[in-house]
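Consider the two complexes below, in which chain A is the common component and chain B and chain C are the respective partners.
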Partner chain A sequence: MDNKKSNQEIDRRDFFKKAAASVTAIAGTSLISSNARADDPAIMHHVPWGQKWGDPVTKNRYGMPSKYEHNVLRRNTKLLASGNFRASIAVTPIQESMGIITPNGLFFSRSHGGVAHVDPAEYRLMIHGLIEKPIVLTLEQLKRYPSVTRTHFIECPANGGQEWRGPQFNSVQFAKGFMSSAEWTGTYLKTILADLGVKKEALWMLAEGSDSSEMGRTIPIDKVWDDAMIVWGQNGEALRPEQGYPVRILLPGWEGNLCVKWLKRLEFSTEPWYCKEETSKYTDLKPTGKAIQHFYANEVNSTVTSPSPEIDWTSLRDGDIVEIQGLAWSGMGTITGVDLSFDGGRNYIKADLKGLVLPKSWTRWSYMHTYKKGEKLLLTSRAMDDAGYIQPTIDQEVGVMGVEAVYHRNAVETWEVTETGKINHVEIRTMKEVKDA
Partner chain B sequence: MDNKKSNQEIDRRDFFKKAAASVTAIAGTSLISSNARADDPAIMHHVPWGQKWGDPVTKNRYGMPSKYEHNVLRRNTKLLASGNFRASIAVTPIQESMGIITPNGLFFSRSHGGVAHVDPAEYRLMIHGLIEKPIVLTLEQLKRYPSVTRTHFIECPANGGQEWRGPQFNSVQFAKGFMSSAEWTGTYLKTILADLGVKKEALWMLAEGSDSSEMGRTIPIDKVWDDAMIVWGQNGEALRPEQGYPVRILLPGWEGNLCVKWLKRLEFSTEPWYCKEETSKYTDLKPTGKAIQHFYANEVNSTVTSPSPEIDWTSLRDGDIVEIQGLAWSGMGTITGVDLSFDGGRNYIKADLKGLVLPKSWTRWSYMHTYKKGEKLLLTSRAMDDAGYIQPTIDQEVGVMGVEAVYHRNAVETWEVTETGKINHVEIRTMKEVKDA
Partner chain C sequence: MLKFNKKLILSASTAAALAVLTAGCMGGSASTSNTTTEVNGKATIDGGSTYPVMNGKTGPYYVNPQVAADAPKINNGRVPTANELAAWNTDIMPDGTGLPEGSGTADEGSDIYDAKCVACHGDFGSGGGGYPSLSKGNAYDLQKTLTNNRWKDPEADGPVREFGSYWPQASTLFWYIKDGMPHPFTKSLTDDEVYSLVAYILNINEMKIDGVDVDDDYVLNREKFLKIKMPNRDGFEPNIDGPDALNDVRAYYANPTNFGAQNLKKGAVRCMTNCQKETARTIYIKNGGIKDFLPPMSDVRSLPKEKKVAVDAAAVYKNTCEMCHGNGVGPGLGAKSDWAPYLADGIDSVYKKGIHGTDGGMPAKGGSSLSDADFKTVVDYLINGK
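Moving on to the complex of A and B:
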């Protein structure tokens, strides 16, 4: 199988070259196959929705998706629930994602004591400890600091973490949907701290939530002074309850768990706190039996999002063009490139980065493919970032981390395209297995 | 009144200079006034939401805003309804907007025959007329063209158009909220046309909707070949029904009315169609009695969004810092600057552009202000774009257009801050009136 060659033949430039040449004189069929004839007026019969009044604009003062999109939802499974659905996660349908914004209704939801409903009039934020001018702020006061808006992903460090021993879910939503992306509005913590004054000996900041789990995480002061934000806005409106309404911490690129929701308290100290969720959880067990602590940034990563087990190619016909799409992201910086393999990682070609390419943000990538009926493919993507990192193979990652870890899994993922166009999540562990495939 | 000087004293650089100087040693109070004492543990009493389980993550598989945000809604008024709420508009609460994304639930909704609910399985798009290979596409086929994602505003050309004779609404939502912004995903029309082939004599494209109004608008072929898109995605999910689900046209920067929703047909011809909505409506009556046709791009514009009649300064105390914020946008290109006046347009200072500055997109601007109790201000913003345009004064615009027009009003707007911190929408027509204010 030499996919490299066959795919180079229809690369993006070729597509547009052919397309441009076709402007003035075209024979034969278009790139998209259609059975319908445009000269048949019956095709544009009077559709039912054109024969009656639609809804008045007064009907939904806060709008919702079309009823036909009822299947595009956050999903959860007992396999991911830590004993109950309050200390649990609901994951984003990234197979349906477009661009680099996740709509707030589909943003992944992770809580440790359920989703709290905080009254903004009762909300207070205490900032104290090694602070010159400790303060308690109302929401209105907090929002008077100079605001900033930035687009960043948030990713649970357990994204894909159930799969250290191989694929558990034949689903890209469950395999890679522990993340979402939004345009966040808030204020830089450095702006507040410059105003309040931080004592020199302060090296760590505790962020504590006001929900029933009283989530506490310790953040090194360098990150606080770098790009840490306190946010109250998400995609142009108030944070959703699942995201910590009215206020959460945002640490661009770092573990979602560190981005404490329903934030009530920031305390500055000389030592880390070693809270429950940074000792028994959110540490990574190594083969030696020791665990890695102070694991913060989500490493460079990527996945194919379409095709997927959820959005397959069974309806494609021979010669149809189709877009292979995916996401790449890095908590270390900006995505510089994505490679795509059709043979499980043996050979790679360059995919196109699409739209805005921003630091610590989802970056969408794409490759136009001409489908051959009956072809068997192993689609693997591999991203790299401007911090100099590139996604490891599974063998490389497991070689270092073993298979007892939960978090920070960023080895390449492979999606099998079967002869019928079905898509399966598979694991390609060795070069030998690739050759056998 | 010399606001220019007083505001220069606390400009953004000064704020940060003071702030930076305060890191190591600070006496006195912070920039944000707070009555609470951070050394009083009672302030962090056990809040009710911290004493019980929150909601399980299974509760809302498509999430909604906090119940406390129940007042952040699209709004409508009989004054803007053309006889009924189906040929009407519901406008966006831009006073609550953050960043440059409008959440889909709050995106302004304008329809001429109500909001249609189109079955995507029944959906067809016909592309015909002066086309080499006319075609009828299903939604699945359409989506196989190479996709593109771009952030653009859509603005009804009647935004502010009820106010040619002076302010009608003491509300920024009703005065300027006939617009919203989103990250759109679809395909460039030029990609489809390069594939299908357009005959040389084709100079105009009809776009026709499938809703009960069968909205038809004619688009010059140059725009079609430039940046016109067919879009199916909005902020990372399918278009909402109010935005034309499953497919609409997007003509970046041009009248919202041209961006035909529930799109069913594109026909190419040598002449414009002169449909109902481009003759009796969406043309602008001049003082001569003649109307302007073929009016397309929304001109450079801006407004203050906060403070506003909806979000006033009555709770501020003397010396409080507060952010004056607003939006600027141009259908001609990219915003290059925004000026802010505190005296109704007599003197201007530069505001800061914030976050991403993208072509034909909302651009957020900001100015940090130190509030003086009892001060009276006339806040006026003035934007400019890289096409070389700058917003006119009301006198300049009315001098050309008279007051019989409805569309394309882009003169500067003024918002009065009263002694008590209430905000009013006012009209500043002449330099004399400014002096009297």
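Moving on to the complex of A and C:
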């Protein structure tokens, strides 16, 4: 070993040139046994971080990612830039996501009046309306309720919603990254309500935020008594401001905007409220001219994250064995299976689930593929859940919903693998009115 | 006898194997956790699964049995005072609950609109500042466009989903203006101002109340407001009003064909071959698609060359200022005549207004987090166009 810097450009270029030459020279023989290849400077030279003190433990009292991960970022686009990025969204790089948890700093960020910064000392939650005993809770009092911890994704129902009339984003981050997943800690709302005497005629609950848009949504009582949570923890720490610090409501599986952030008030009533974000937006217009309102659950869905337009196959060699993997999720239940197609959803084979398979949670799936140089594929995944739902074809979904719906698009998605291994977002569909799909 | 028995056993095991296969194909019924799509004999509200606590668990999660419905109640917090309730209980419902007394005309609304709203929502609610438009014309005519679908031709006329043509309730508009507008300075309008703005928005949507045009002089008050019937009041499903609403919602989501879903529960086997329509083709992204990602897409790990540079005024303009200043809202980039009236008080006055924001809609520093010095550089760029 010598003290030359391993990352000197000249060394690297030299190495790769030699390496390429030696691969050519020994084509057909085992790469592992080759003595003809150049020595890798990353191995042969001392590395700078191997000979000098690293940081003391007194640095970074709150740890940060490696500086080399500087491109793993939430991103936004001007198409979705309303209100000078205050009624807007920044989406998660799911192409870089591992497992079924999104790091808090990469959790997608969507607000209707900007990210509020709530002082926990001034935090109050008011619960009132059709209940025997209205209450006000401080944050400390709220956290005294028995806690539960659950892993759930949160998805904006506009995830994939720019593409009802054809593909637009050549990117999995933008085509499917309007969602993230975390392990949430809080208390079941029903635990708080047990003592408050919710009246029988109360059918609806308003959840309202304290942010500048006073974001509100009407929630049916069924969800309140089922699995609705009031959460203050996100992946083992306090909620991030972007996720509603200090408290948000979490309705497992349901539209992200229903999971009101910076939560300040819950009110019970016999009638729904017709909030702005459940009338002007988050309603799904059908070709009949009627729009679906109160469209709660994000339906069963899946995507291939690798390969993807961001993570292509251009560096694969003939015969390489590569993992095709992705995410499957359903706000209506637990993922029971994922199928994979190589011809755009015409024919499917079964892929395998891997890791934890939890209700209303991201689920990883995998298929090992032997790559043939120059092969052209249309990769399509299709997920199913334990409520019996399966992703529709685009023609099936558009046949009912038309092409003006905006939200809740969960038809199967296709990546084209080109001859050179580049990946393109395409759609397999009939581009005209589809009847009897 | 023996033979007969064997046959019996064989056929029994075949049946069992078939049952397993069928269950597998039904895509879900073979789940290991306790799950159901019914609660107390009723369908779930969203058509999905729920996981009742059984054997101490909900789905895969253990629960503490001491935290049960019949456990001792946890008595936290305190009862709010009447004043506290009144301070926070400010929502406005379709039946008029929460709607304050007050009045205003479309004419008055027009003045407030020009002072506080036009910067973002454009002339006569036409939009353009990166914020939604508020009108595209006659609400009753435009409501009829809601059946338009751009199946094939993206240039065709699509549905117009404006306040007038789409929203089911006017209460939503009053409530949202009162609580959420103007967007950078919310909860700053009086009730009379909100009545005026609502009258103005009804006016530009060419709407009537009780058969009467909401013209410039129309005095809108609480009584008249409650008579507004939105053209698209019946344009939504499922029904969510009245004592039977939740049954209607449950029934709606129990039927997948209502919302474009496919469900295998009714014994259907999932398709594994020839699953696309014959007419389906590969559709590609047109014209490169949307690519203006901020920051640009990259998976590069090596570090960017570090160099301390002055603020990139052109980039700041593009990302922060252009949405308004590039759309005729506020003085334009390098537009001398636009800037002249602002510069009459001197450049320091322009800087100051920019840094602190104005009632006319300019957010402080345009909503950026630049230093004062860098912000001034951007202001110079905006004025000079270079």
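The definition used in the following text is that the second predicted complex is superposed on the first by the 384 of 437 C-alpha atoms of A that agree within 3 Å, B and C clash if a C-alpha of one lies under 4 Å from a C-alpha of the other, contacts with A are read in each partner's own complex, and residues count from 1 in each chain.
Throughout what follows, contacts are C-beta pairs under 8 Å (C-beta built on N, C-alpha and C of every residue); 3 or more make two chains touch, one makes a residue touch a chain.
What you are looking at is a predicted structure, and each value in this text was computed from that prediction instead of being measured.
By the touch criterion defined above, A:Asn84 lies against chain B and chain C together after alignment on the C-alpha atoms of chain A.
Once the two complexes are overlaid on the shared chain, A:Met126 sits against chain B and chain C alike. In the superposed model, A:Arg317 makes contact with neither chain B nor chain C. By the touch criterion defined above, A:Pro287 lies against chain C but remains apart from chain B after alignment on the C-alpha atoms of chain A.
In the superposition on chain A, contact is made by A:Gly253 with chain C only, not with chain B. Using the contact criterion defined above for the overlaid structures, shared-chain residue A:Lys264 touches chain B and also reaches chain C. When the two structures are aligned on the shared chain, A:Gln141 is found in touch with chain B and with chain C. Shared interface residues of chain A (contacting chain B in one complex, chain C in the other): 67-69, 73, 75-76, 84-86, 96, 113, 126, 128, 133-138, 141-142, 144-146, 148, 150, 191, 194-195, 212, 214, 264-265, 356.
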